[in-house]
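Here subunit A shows up in two complexes: once beside subunit B, once beside subunit C.
For the complex of A and B:
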């Protein structure tokens, strides 16, 4: 009993919280007041320094204009003018001005940091206030329900206004951050950006979490709404609608809309027949993918009794699931159709008949008619296989579990677990190899993208330059490498760089005949890991530069010429013109291209597979992967050579994750996604 | 639809395969009076299997026409008992197993394949066991080594087709004399003097790299579970003192600029280590200058060692059938395609080495320079037996690493890594 007395009741707990929060807010408000006092001091100081700075610079400006005037009126000689001008320049760089500039920047920085702190504290206070509003409301609800009911609206309003204030304070924080950024040196600016990037990550995750929870809620409510609507329609609908719950399309046919009714009915019949004669058997076994005693058996006389086949069970099971989803949706449409028709009849309007339906197919619903086939195609040939591949990653489908004689089954996350296992029973571990290949894939994608990009740009600029003759010829020559099918040209180049290829033969001939080096050895282009990596990047240039040259040529011609003219007048060097005009413009226009090119290179199967086949093979890597293997070529060899479909599927999923993460991050960083004014 | 979904993982390969997949469909009705020579197994089961059958066969593109005429001979030999709607598709022996296990039901009824794929086919249930009188018949008609290669444990699974899946030395007598071809050092010296190259993939292909280790007496034996067809254990001593000498031998030629790895021969080649499949092409190019011999000796630390090799076979396999009559006909057809007459035809037209004892005893087979060289090399060769495909790639990776090694301790650590990689080649459950 004593214990109970010591424990505060629910009510007192809430009151305690209210007291604490109020006290906290008071303290925070004090903090803000102190900061504001500090800001006042700083702003006075800033004003003083700024005035001093202005008076010095104004005086210098007056002296400068006087000097110009005197020179213009021939009151002083050119030598005198130049001497005075030099002195003025020196004065502009005097230590006082420098100190003032530095002090001003530091003061402003401190001032803005203090302002930022104030806004952040205000956010804290507002958040506490939000809690206070909620606590007070809950107290009121318990103590005086009537008053609570009466004040419910104002509580909501208060919460909304609180939310708005928080948002506006957040905006203020951002504005202040921009002001702070301007007071920083270049190094500090980098650190500032770097810090902010990482600081923003938890917020982004929070945002993601909120978005996901909102989505989940939406789905839950959606499902609730779905059942509610079904129930209400059944209860309030007429007998035709009620029968339609069991015989699809019945209501529509009974009301004269025989065409759509017939379509619903046929769909139901097809679905039922499909499930009875085909889909049902696979769906029933989807949980086990077939037990080993259900597998096929071969008799002595060479006959086989085909039993369960995990591959077919998985494939047709997934197909059946898709079909069920489609059926539920169509069934729902059928009921909704009944509801709509009932309403139309109630409103004494005319129902659309078969003729109207047919007409709508080429008129009002023409988009549906056009999209029906492609959508079906995408579901069957794109979404279904992707779904299937994802599911394979959760099975043990490999050479030893190969239907029809050996079935495969579900293994949960075991295959993904291998990605984090750092030791293996023998030889190299999958995780280590995965890490190495992922790293090389990223390095390759980076170099393959940016070397092509900058060299392509360089070539395009060279050809575009005024005074270059035979521009069309140079372009045509470069385009030749595009005209020859890559398959052929890459295989040929691969042979050229082989140890007995034409390049090495020439190298040997030169070594022997010009340098008298009889002991010369071929350059191991494909046998040395580093040479192989460098060679593929360089050969990729030959393939990629012409494309870039063509793309860039068009963009270069679109950069306004007056930008360069003004830069020329201001005395900008060629490099300055490139780095301040051409490059930003190019990056802005080609940002999305760079991104797709990067992700495309991560999956650049052709170049790697045809040039090196992933080699040189490394005995210390899992499945003897090669030093130039990308994830995609490794996936290929695991699936084809080793029949290791399960790990190939895992790699497929990992490739998707890596590409998705890279794309999302980069997409948010590139200037092209910002608006044009901001860019300019 | 199933076919349309598999490309998800294998799109590029299937695109290629589709591009190359030309189909020939022959309708071979019951004709009589054709070439009915060759031995025929007499079925003692008493099944009446006469009728019409759709049979799909995968063979190497080079023997596609020949095989269709041999199927016609089969129909004649059985007195028009069968009408066969024959669908012959080109498929290399090395890819047959991969394609079969991807979809057994849709695969060929009869297919040619290389020895190292037998275990995979057995695991997937893509091949039937030859039991009873048929098994005994095949055992009696073919060489013991070929029967051993087509067996898993005591069960025979395939019809031996060729015995020539091994390699020996081809050399152009214009540049290399018979004596020089006996030792690697003298061989290379002769080639260097003539400005020619030796094509030998020892540093880039496990199949050829094995020659050094086998020459040093090393072994790599793999045990296969007769029931499941899975590899359960291995006995391998490539990481040993003998293996170290073999690796040094590989290093020696890997560093030599006149040793090329390209598998196809070129005009620059003066000598080639390859199999009988190159014979016809080389005989045409080099004419009377073509020499064939056992592999040469190689020298490490002043001591000569003879190069070994892997002896391999090619087979015809029969897929299990739902219909027992079709199963019976497929087996009879496979037996016919590997009988003495068909093997002789393949020898005459393409120089393929026979496994059939009667064909092997023919004077022209014995006198064939390529096959004689292969036979001479046989004394130094090891039976390929049943080994996992991953073993070849592990050995290949080791050979590639040996090429880039610089010290003896590098070589030893490569051999240790090779040994550590072997357990991963076993079948796991």
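For the complex of A and C:
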């Protein structure tokens, strides 16, 4: 009963939809035809203007060549020639030509925008058509199943061709966009790129979402496959294989591959011993990180009774988790090995013995031999600690919860919540300080990178200038400062700028003896907030410029010399040559380098720590932070001086996020291989 | 007219060059002056604290004599650092070459993920690992007085992540070299050792040089792992401790002398191998 009731309304709904879509498509088609009319108008206009432009420039060219001819045949005097030449160049810059070029550009821009709109509308129409095809097909299926079956193939084809059309239209949109890009001025080009980047973000998230869901599916299917294979191998395998499920490497040893088998077996033994005597106890307490009554205590006679230690529980618990993952993987390999060996025996081929294994280690599998040690080092000395510290950000590990006498435990996202608490408790809120320091970190990274870059380039160009002698000497003097360990030079320079340092002493002497100013006070290089910031950036020049000079010199020599020669012939000034040839080339080549040095400067611990130690300190900032503190130096002082590990971990994670975001955004904005043509 | 033009050009050039020479001389002075000051201060005998003048009133070798006397632990620190630098420059170079060669010459399933993981790990600030590493080393007993092997371990263990420059260089070596040797029946290890490594001399020297220089300047990890032990410290951490507020008035000139003694070997090495360093730096920067 219900079904009968539903069908007609459903049908009418679908028909309604079909009608709607058809109407919409008609309207859209109208829009396209209107746009096309507009385009026609525009293109005739463009043609007219282009013709006019061409005729003017052609006329000027013929006049010029006539003039040259006349001059060479001595028909006119030099003065007359120069005068006429001047007039000609004036005519070239006449207002008419200028307006013409401008109009042409705007017209072209409008034209291409309209073309883009057309293509986009077409995509909409095509998408609607796709829906229409599907709707019609479902209608047909319900009403007339036989015809539907017969037409199924053609529907599929229609859908496919529709898909293809959409793809080609999308390509058209892309080419039109690059055409638009060429008509834009430099500033507009940047804005265009910027806009496109942010427009593309939702698409990228969509892509990411799809990638993640694919990954999840892959993992789920992979796990399914994993268990299926395990089961099948167990059922179909011989007794050696079955024993290998419990004693790793047994099958391999039994079949004569004793080296592989032995490695598997030893790994299993080590794993079991580790779990029983070391890892297991920590793993069990990982959920609580030890309860407070389990903590160490001091007995009446002063000896320490050791109890649970949250730090060790977390560290070795995580290590055990790593170990378990490695064990499961090896166990799987061991079983797979059995399966492969069985297959080889069945095919009556020869199994690889210990000798072959050893040879593979230096030949076919040499990369595994090479990578084993470095990766193991990275896992234990970088991944494990970073993993640990990320977890610490979710605990309350600080001076009041410092093992062994006090334990710490999980607190969830509480520490991250502090980043967004804007209530000011006692003048020093974590979030305010974090914001201030983050801002200064970005400002510092920007100035440190670009001042170094441009001054380094300037010095390199000075040294490489034609006619400058002793190039090697100048270079060596600068390189000198790279050779001396940074902590010596920076500490000394920091001392030079102190209130009782050499610079201030000279300043006072000059003030007193030259200006008769007996009440001169030292310049507060490290005491005044802004002066300290500026001084840090300037001293950073002293440290970074030699390095940049080396980098830039190498690249400067690679700029094709004929670019400069032709520029010289055209009479370009030094500044024009720099801004039109050298700078774009440099920026293009060193784009990725600039990015890495920006992120490197964000984490430039040495310079700040050795020069100012983060000072001048401000009691209004959280955790004894100073006005020149970077996130990284603040992290350091929080962890080392205040033992505030939880917030240090939070800052570390935030630094990672900022660096990752900056890298991602900049990497998408800098000219990459896509725009290589611009330099050819 | 044309002659006049070219004359003004040459005149312009000479004036430009004069300005360039002045600028370069100024730059050189600015860059060299702090070191001159440092050396001058190291010869000051009348006092050991911070003073506002440059030229010592009383010249002498007192500060250097102090450095090498048994009251100062300088010789111990210096020896520690030298040992660390020696081990690190051999082991770190080996690690980085292993990583770079495998990633440059082999194509295996986990290659891209491995490179991406290392890229992401590089975005975490290194100090995060310090607290944990200290605890780990303490468990094995490699902190305090035994900090030297501990430090070597820390420097070397994850140094594989700095493979970029070497890989950039290896990528420029033609693959036909490997293929020819493979046809001749060489194993991949033989190719690495006998064919590729001899071609890597410039980048090898660059890697060894930077690896050797690193430990001389590191004072944070060194101070953290030595944790105040005088026998376990390296020279940077030790000299840094002389500049603390409590010690600076009695040890500033000692610091200057120590700085000079530390800088000399590194500088000599550097000046001899400058060419390779410049090659490595420019190559690394261009390849990104």
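The criterion applied here is as follows: the second predicted complex is superposed on the first by the 504 of 680 C-alpha atoms of A that agree within 3 Å, B and C clash if a C-alpha of one lies under 4 Å from a C-alpha of the other, contacts with A are read in each partner's own complex, and residues count from 1 in each chain.
Just so it is clear, a contact is a pair of C-beta atoms (placed from the backbone, for glycine too) under 8 Å apart; a residue touches a chain by one contact, two chains touch by 3 or more.
Fair warning: this is a prediction, and the values are worked out from it, not measured in the lab.
Counting the residues of subunit A that each partner touches, subunit B and subunit C differ, and the larger count belongs to C. Touch criterion not met for A:205: it reaches neither subunit B nor subunit C. Once the two complexes are laid over each other on the shared chain, residue contacts for A:527 go to subunit B alone; subunit C is not touched. Of the two partner chains, subunit C is the only one touched by A:592; subunit B is not.
Of the two partner chains placed by superposition, only subunit C is touched by A:359; subunit B is not.
Of the two partner chains placed by superposition, only subunit C is touched by A:554; subunit B is not.
Legend: residue contacts after superposition of the two complexes on their common chain; A:652 is shown touching both subunit B and subunit C.
In the superposition on chain A, contact is made by A:617 with subunit B only, not with subunit C. In the superposition on chain A, A:498 makes contact with both subunit B and subunit C. By the document's definition of touching, of the two partners only subunit B reaches A:400; subunit C does not. Shared contact residues of subunit A with subunit B and subunit C: 311-312, 315, 380-381, 384-386, 388-389, 495, 498, 500, 505, 605, 609, 635-636, 639-640, 645, 648-649, 652. Residues 296, 298, 300-306, 311-312, 315, 319, 380-381, 384-386, 388-389, 399-400, 402-406, 424-428, 495, 498-500, 505, 508, 520-522, 524, 527-529, 605, 609, 615-620, 622-624, 635-636, 639-643, 645, 648-649, 652 of subunit A are the ones touching subunit B in the complex. Contact residues on subunit B toward subunit A in their complex (touch as defined above): 1-2, 4-5, 8-10, 12-13, 45, 98, 101, 104-105, 120, 123-125, 128-129, 131-132, 197, 228, 230, 255, 257, 260-262, 266, 268, 318, 320-324, 327-328, 330-331, 389-390, 393-394, 396-398, 400-401, 403-404, 414, 417-418, 420-424, 427-429. Interface residues of subunit A, counted against subunit C in their complex, comprise 311-312, 315, 359, 362-364, 366-367, 369-371, 373-375, 377-378, 380-386, 388-389, 459, 462-463, 465, 467-468, 474, 476-489, 491-493, 495-496, 498, 500-502, 504-505, 542, 546-547, 550-551, 553-555, 589-590, 592-593, 596, 599, 603, 605-606, 609, 631-632, 635-636, 639-640, 645, 648-649, 652, 655-656, 659-660, 663. On subunit C, the positions that touch subunit A within their shared complex are 13, 16-17, 20-21, 23-24, 27-28, 30-32, 34-35, 37-38, 50, 52-54, 95-96, 98-99, 101-102, 105-106, 108, 114, 118, 120-121, 123-125, 127-133, 135-136, 153-154, 156-161, 187-190, 192, 213, 216-217, 219-220, 224, 236, 239-240, 243, 252, 255-256, 259, 262-263, 266-267, 270-271, 274, 277-278, 281-283, 285-286, 288.
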